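Some structures are shown below for you to check.
Both complexes below contain subunit A, partnered by subunit B and then by subunit C.
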Partner chain A sequence: MSTTELSEEYRDCFQEITNVAMGQAADKLARFLDVFIILPVPNVNMLEPSELAMALGAVNRSESVSAVCQGFIGSGIAGEAMLIFNDSTFQEIAQLIKADTDDSNKLELEILMDTANLLIGTFLTGLAEQLEVRFSLGQPSVLGRHVNIEDLIKINEHRWKQTLTIEINYKIEGSNISCDLLILFTDDSVNILKQKADYLLE
Partner chain B sequence: MTISEEFKAMHWLMDIVQNIDVGLLVLNREYEIEAWNGFMENHSGLMAERIKGKNLFEVFPEIDKKWFLEKAEPVFLLDNRAFTTWEQHTNLFHFKNYHPITGIVDHMYQNITISPLKSVRGVTDQISIIVYDVTTVAVSKLLLAEANQKLEKLAQFDSLSGLNNRRHWEELLESEFLRCKRSETSSSLLFIDIDDFKVINDNFGHSCGDSVIREVSNHIRSCQRETDHSGRYGGEEFAIILPDASVQQASNMAERLRKKIEQQLFEINGTQQRITISLGIAEFKSDFNNYVDWIDAADQALYKSKHSGKNRVTVKET
Partner chain C sequence: MSISILICDDSNFARKQVLRALPADLQANVSQAVHGEEAIQMIRENNIELLFLDLTMPIMDGYSVLEHLKKTDTNCFVIVVSGDIQPDAVERVKKLGAIGFLKKPVNKQEIESLLIEFGLLIRPPL
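Presenting the complex of A and B:
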């Protein structure tokens, strides 16, 4: 089975799994921020690094972004979750959470980390539950701040050719706040994910 | 597994938890300490028996309570793990650096993981906290950032004069050129050359020449406005970009600088010498094709000053 292809059947299955997990994640974000989260249709695709930047819904390619990534591994499935914020949205979030600090640099980092904890943590828990696996999560790290989206993804471009990518664009109702959650799986995880999907499809 | 085997396994496990080189503690809903491993004992100097059952914030008043609660409460409420990095908050516990002798910082940098612990009833009524010592990584990252900042400075400034170096100054001129094109405002460019600099170098040596360059640079800095960009263009040649300055304003500034240098007595090899400078000014013109045209115009004015007796200011005629 080639890892570079993704049949309709698998794509639908991964999409369904994603729907459940991202719903759970959105629910927690909504409770944390006390807002309504608009749930999008997730994109599940095999993507090349060059396509990744274009696939992002929340960020314009010319705008500066900040991102956190967190590695996960377990039961033969490994990858990284990446949360990407458009820098222009921080101020609106700060108002939303009624932040009381003037140090915008520090505040942005707190917002970035808190949102990453919530969205990545719950999404991966939801994903693991459905696949009946357990993931270890690494310490999240700040991938870049106030950088161009293409520079952000370029960092490891040479390391991978194509990867299974789940892209979710979360939006908060009645605001311009939006962020992108990307789940990138390693090449060798794809076959195991397909096997897990086979159980669900039976 | 027999009971005794189970007991043995439990014993190993406890031993590992006690001795592992990361901090482990368990807090209940009231933030009272319920578990405290060896790492925490040794770094805090407080033994588990003494500290168990006590409120975390009472034992460690230095903890930023508001911040920590913001991280820990969602763990209880949402049953979701939370991570914090040293970049957000240097540390949770103000422990000393593990390398008190060779380390270059006094305190420990920490990453923290807060995980929900479910009771047998399935309710999250405790949280576990793992404290990682990341001092080495944090310090090298900070040093790297510092080094990069220095490099950036080195790449922009001329070491002798402390002014912008030619490459960086030309970048500044180019952006000023583009700004003028867009906004049709009037900015001026000033070129400065030390008169008979070769004589100073030949008579007194290059180190004396260097100190003259340093002093002239100091005068340039003290005469310019905050928004002006001065640079060392060549050996004894300097240039200043004067944004939003008319020819008249630029001439005033140039004349002030010329007089200052003329009146100053330069100490060279124990002797007192007088030094003069020649200056050329060119205002931005919309028919310049690029910033090099602008440089040429200012340079021509400077050339005229040189050839009509030095120690004077010439404005490029339009």
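Presenting the complex of A and C:
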């Protein structure tokens, strides 16, 4: 069976599961930063790597970005989660958490890793719970810092094929802070995900 | 006595989840809407007594629906069903007049107790 197509029924089901997991992750971050997070309608689609850059709502093409990625695997499903920040947002987040350090390099890295851990971890737990599976998470790693978004995607393009992609653009109310959470599943995962969705669609 | 219910969510899957979680002994007329604008039109044209409302929707979101119902003084119970579980979200929809907030995925018992609490479902004493 070709995985290049996703019926509207499956897409709708994955999007709804994403809604729930995205809300749980936003709740965690909102409590951590003491802010309100504006939730989008998430994008769930089969995407080519070349379409990824276009799909990133939060990212301003003229600005430099930093990104973290973390692999996950379990119950026949595998993929990568990515969190992408515009570099200009770090300063605002630093103010929110009342950081008091002069080492902006270290602080940026901390913010990047902490936010990624929190959003990616909570999102994947929420997703797994609904699908009744379990994921183990790999070590998070920095995919790029202060780079151009098209370069970031280009450098990493070989890692992905056309794949099921979830894109969520989180925005913090009353600020310019916004980040993109991307979940890319491996090709082989799509059929398993469909089987899991079948239980929910019964 | 039958109650007329509207389920408003952009996801067909989510609407079905609510539909399936309704108590079996609830006599209801259920219609569905895929976004806020459609819901408001249906509430205006039909006598909807209870609305299950999602928050995050294209075209017109749940907050705008609540604001509209409040402004027009519409007599309709609203239960928000949402994945947005931030404390602020719950507080905001209650302020806008929602009688209840159910987190997704909806749970049969939670719907039942809300309906009983507001006299929308009457169970004979055991």
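Here is the rule we go by: the second predicted complex is superposed on the first by the 200 of 202 C-alpha atoms of A that agree within 3 Å, B and C clash if a C-alpha of one lies under 4 Å from a C-alpha of the other, contacts with A are read in each partner's own complex, and residues count from 1 in each chain.
Rule of thumb we're sticking to: a contact is a pair of C-beta atoms (placed from the backbone, for glycine too) under 8 Å apart; a residue touches a chain by one contact, two chains touch by 3 or more.
Just so it is clear, the structure is predicted and the values come from calculations on it, not from any experiment.
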Which of subunit B and subunit C A:E48 touches, first, second, both or neither: neither
Which of subunit B and subunit C A:K106 touches, first, second, both or neither: first
Partner chain(s) touched by A:D187 [first = subunit B, second = subunit C, both, neither]: neither
Subunit B versus subunit C as contact partner of A:E150, first or second or both or neither: neither
Contacts of A:G121 with subunit B and subunit C, given as first, second, both or neither: first
First (subunit B), second (subunit C), both or neither touched by A:D87: neither
Subunit B versus subunit C as contact partner of A:P40, first or second or both or neither: second
Subunit B versus subunit C as contact partner of A:L201, first or second or both or neither: second
First (subunit B), second (subunit C), both or neither touched by A:S141: first
On subunit A, the residue positions that both subunit B and subunit C contact, one per complex: 31
Of all residues in subunit A, those that touch subunit C in their complex: 9, 12-13, 15-16, 19-24, 26-27, 30-31, 36-37, 39-41, 130, 200-201
List of subunit B residues in touch with subunit A within their complex: 70-71, 74, 77-78, 80-85, 87-88, 111, 113, 132
Residues of subunit A defined as touching subunit B within the complex: 28, 31-32, 70, 106, 109-110, 113-114, 116-118, 121-122, 125, 137, 139-142
Residues of subunit C that touch subunit A when the two form their complex: 10-14, 17, 55-58, 82-89, 103-105
